[in-house]
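Mind looking over this structure? Questions follow.
For clarity, chains are labelled A, B, C, D, E, F, G and H in written order, and residue numbers in each chain start from 1.
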């Protein structure tokens, strides 16, 4: 969910598309930026877009889709599918609780838009660690795991200790009191005692989805 | 590891003894305060005391012991044992890594000085959660669990989800970078998604040991 | 007031129920999660639920009650009362000021739903310490004391010095300026010079109520 | 313990003297600044001065004294005593624990150097509130109370609620973990629910002593 | 602007009245608390009260007044005036800018309700220090100065250097960016290089008014 | 540079070895832990080990090497080389300045120990962006880039915008003032407007080296 | 965007005008303050003024203009143009993304109101550094560059390394998560490894515009 | 006092030289880097260099000088003087107290090395504002003012209000308690209500000297 820098050539140059951060932009502004970016070779993403705004926008672009939980619009989606991950490779997206779903769906939707197979393992927070362990086999076969968790964010460390692939932590702004809007979860992920855990910004499902795609689809190339 | 308020009657009144915080005090000062406090009915504890200082102090008191890892001296230890926990009840002290041992030993030593049976489960950090789960039965039979962990402090939540007794988190000042001297671990413990987890101050094994003793020995009375 | 991890078996396994954190969930979502959780053996709690939403929800569950100050709904309340604390044992819930009441009532309501006798001592902030001292006898006979205080949170230390049982501090988000939404009160409680004081997250009456119940009802078992 | 601004006329103009902050200055520098300031009408204070340095300095000034606990040197002390507080008026200096003494003695020594009667009430922390209450009469007759406390700093609020004069809180850098070098105590004092409590910087006994003197000696004039 | 602790006897015991913090309380609640407090000997203050709420409340109390800028209601005002400051003595209330006026008026109104003469010197921020210096004589004759300033809060230090009486800094939540809602101004005041400056909580005009009254009216008694 | 959890099976299970964090451990402790871990299938790393301590340790293990800049010891190095990255694939390690070298060398040494080709591009901070751009081709052909930077940490974003592979930011504790020991650089990396940038903890070259190895050697498997 | 201190003579004395900070002031208040200030010799600025409020205000002043993006009103604009920068000298205003435009336009509008030529280079964030480098010649000929950037704020350092004039960083409150409302960008700018970068407060386009004008128009006089 | 990026061409390209940050580098390293940089067209600066190290270094370079207070070495000083500021133009360097002198001397020495006339006005902190005002004429004629102040950092605002040129605040790490190593002073300077004040990093005299030189010598070009 990064702020865009309007550069049509990014997809060709870097293998992932520009994203337009929706909040604070008018519908005409989004259409205008979207038009400019769609001159490039890949799809165009609009993050944190309300559904009512998507309805106004979609007629101006071909091949659009919208993910309600992620509030993510993909414009020129057909283009996105041109380049796919090798068969059998997949990304796991894991959440601690239901309130982590918006970030998780943002990550999943972007990874799918970039041609990846995504498997969702939701609601397996560490206060019931046996529920997580049931999924151990599926986790260990993934080429990358994205863990979305708020509050104490402990799930990233536990998953990190189970798998042999990179784990990308997405701290979420879920919680109250000393969760400090996701800062506590972020600090947990950065302090992780599992060496294969890294982190992106709070609620940054977009970034996690892009990085996971680079690892899964391109083998990190 | 609280700063003492020199009150000889505390043990009789509250059931746990005064503790003298060692750092910054001269040996004569510690002897003097210890003498005053030993007029009361219970043992006297000196926390964070270097072994060389204990050697100077011990001859002034009867029934002394010293725990090197915890750097804890118990003066008038015989007194401490007068009142014991009911048979079969015990406290578990759990650590994530070896560097959490000083806080853990401080907690354990105080609980033992107050007449409790303590079981140690060390080095079971969440990056290898299967090691922790091996101890599940022993954990679930405890009347109280103390979890000492630094860095991301996730262990308290995982243990909290396994047991049906109070879990007292002791964040430790272990780590570097955004561990912020234990603040990250503390925040994790306070944000715990397990409802039975509470926390004491960073490295405060003393406080955890006292509270666990009140729960185990007195059944919370 | 923890985020739930939807696990019907928690009550049987841990002795305290799942809680559904109300804010950010639609009424149908709460009903659906509640239905799933009510398959388990204990009551189901919904925290921070507006009264107008409770009215929509209650017809879907038997044995419901609602505490307006705590904004807490207990579904399947009859079940809750099956297991009670030993006669004569009780929990004290203490507040510094009237604005600490929502957290205090949340704690009290949960403790009562779990079969505990609760005694309320409200509005005894430290700026009038004689009012607190009047209640000393009642406090010293409790098996656990919950102290809810915002601003400087000093009440936990003063109570901690009076009693010989565990004191659970609930910092509240009351105040302005450097109260920092409860952070100052939390730090006071963690820094407490009384050894028997621990703390839960800001405004986490739910967690305090659960822990106090484990101490009072089960004698810490 | 403020940094000096070398102004010989301050005592005549403001009624309190310049203070030279000792640390980081060489002995010749302190002598030189002291000489310049001693041209003014009042005494000259040197704060946080090691005793060995005082011994080198004192021969250059007449009427010197040194307070070892406060590490405070008063040069030209005879001058200080010219202007005294009205008979019967006094300042109370109160501490929570023994480690608060350096700040307390700094405050007391400055107040005495400025011609005030000071009464010390030490080691009356809130974890044993009855010890404080024994001194209630003496406290209520003071014209100003200085409260030095670290850790949770709760003592200022409790004293504030007992007396009808201004209470100046001096947070001390005592403690560990979330005491954050006195920040927690400072926040407690600023958040005090007693309306007559104000605060100075951490460990700033000098400032507290000056303000208390202005209130006691000059009746606030 | 402290949260009240409902104690009718406070005015007689401490010489300043209870204050009811308005926000978050319903009109009936304020009337009820006000009735209880008005059994005491002094006036009753309600802080941060909207004018429309004052209109509903005032008929229940005799001798009411309302300060619109301070949003302060004084109930039983006639009582307040019984005890006045000695003739000739006054408090200065100083502000840096117009946005500091609510805190300043709260301080001034409380001081006046407690029987003090108050002189206002507004809009003399340090970016035009000559405007402040014009008022030097008036400032130096005050028995106490209250300085209300936001942003960098530098005015307290400058005033502190001009006068020989206590200066009470009231940091205000004015500003944006790194003013952090008054924290920057608070830190400036606590760091003041003028020894006679202390501080109260952000926007706490009430506390400053009470302390200034104790200094001016009672000569600090 | 994670704290180890002594688990000999980690290399086989996860594909990267245990690391023993050197500081705070005695030489005998390190030898003992190293012996235990060397029963597993992979190499054993000791991080932040002083050279004088390595000299004492190395005779107890076969196939040892030591990197002076990284202060990293690799025990059983021969084992490490069994599994190598595909030919032609490499990791770039980039630094802003010379003081970032310890973290960079830690990352590089670990990646090399795990069988990866590493290319170093050092001293290309953003204040001379043309120096960085000279290396653009080499950067764009890497399968993963590690960027080590302190102070403002801007280099990660600039590199992120140039390449189409994952970029792992390692904030370093270089700087003074508001660098806050690496926190500012960490925040820059997490806030990066380049979507392919993630971060590890401050100075955590070890974690970055492990993750880069998983991406480069195993294609993210 | 500083808070005004109502001083009509500032323009003559300092060469830049008073600014009235609009938010929180009523239209009549702004007119009244504006009238008072317009007695001085220069223009009067009103910052963060909504367009609907400008429409009410403009009829009371001659020579008004309004910048919608900057939300800046210039009253008595004709006066402003009396004193212009030397021909050929100009200020560059640079932004990282479109959301930085309000601060950038505030800076540009103020600089123009003070008689400076301003060149805008927008949307050249560091994630596409080649776009920035295209403008290198224009940047290096400026007499001062203002860089407005949020999130990681890295643009200031990159620009600083390209030019030989002062660079004024304006951190913007753009972003989410650890951008902390502009604090991260501010820290980046202050930590800049380019020696010619300084910073103003978050979103303070006004301050940046004034300083740039003093450098460009007056050659720093 | 920026970390260097070893680029010999910087002086020709940007008009100010590379600086080598001394701490943490060995004497041979400094000589080596200095040799490389001295191939460029301007002088080479070494900041925070101990005098004993300068003595070892100076024989390797021609035209060396050393400023003891600033701990600054200038190598190839003769080169530096080639390009001077226009006659009559000067920079003022102002300090609040004597402990601000190292940063002030660093700024002054760099400005002088770059060909500027510097006037020092030291020890004019705001607690004695009349001392500052005595220098008003000299201040108002400067083309740029550097203000070095710790603690509350208020001096920058007061100076900013007196002059019509840019004011560069250098917060210093002087103080204790809530000075937080210069953070409080930095926040004051950024919050300044004087529009012409900007800031550099804590203790960054080097950056301030460079920027002031660009303004004074080159008229901002």
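Note that contacts are C-beta pairs under 8 Å (C-beta built on N, C-alpha and C of every residue); 3 or more make two chains touch, one makes a residue touch a chain.
This is a predicted model, so every value here is computed, not measured.
K.L.:
Steps needed, at minimum, to get from chain E to chain H via touching chains?
P.N.:
1
K.L.:
Would you mind telling me which chain pair, E-G or A-F, is linked by more contacting C-beta pairs?
P.N.:
It is A-F, judged by the count of C-beta pairs in contact.
K.L.:
State, to the nearest whole Å, the distance from the C-alpha centre of chain E to the C-alpha centre of chain F.
P.N.:
Centre-to-centre distance between chain E and chain F: 57 Å.
K.L.:
Between chain F and chain G, what is the separation of their C-alpha centroids in Å?
P.N.:
Computed value for the inter-centroid distance: 42 Å.
K.L.:
Mind checking the centre-to-centre distance between chain B and chain C? Centres are C-alpha means, answer in whole Å.
P.N.:
Computed value for the inter-centroid distance: 25 Å.
K.L.:
Of all residues in chain C, which are in touch with two or more distinct other chains?
P.N.:
3, 5, 96-97, 125, 127-128, 151, 161, 175, 177-179, 183, 186, 190-194, 201
K.L.:
Among all the chains shown, which pairs meet the touch rule set out at the top?
P.N.:
Those chain pairs which touch are A-B, A-C, A-F, A-G, B-C, B-D, B-F, C-D, C-E, D-E, D-H, E-G, E-H, F-G, F-H, G-H.
K.L.:
Note which residues of chain G are touching chain H in the complex, please.
P.N.:
2-3, 5, 13-16, 19, 89, 143-144, 161, 163-166, 168, 186, 190-201, 206-208, 210-211, 214-216, 218-221
K.L.:
What residues of chain H sit close enough to touch chain D in their complex?
P.N.:
96-99, 123, 125, 127-128, 131, 150-151, 174-179
K.L.:
What does chain E use to touch chain H in their complex?
P.N.:
Spelled out, the residues of chain E in touch with chain H are 96-97, 125-129, 133, 151-154, 157-158, 160-162, 175, 177-180, 183-185, 187-194.
K.L.:
How about chain E: which of its residues touch chain C in the complex?
P.N.:
Chain E reaches chain C through residues 1, 3-7, 10, 21, 24-25, 33, 171, 173, 181-183, 186, 201-204.
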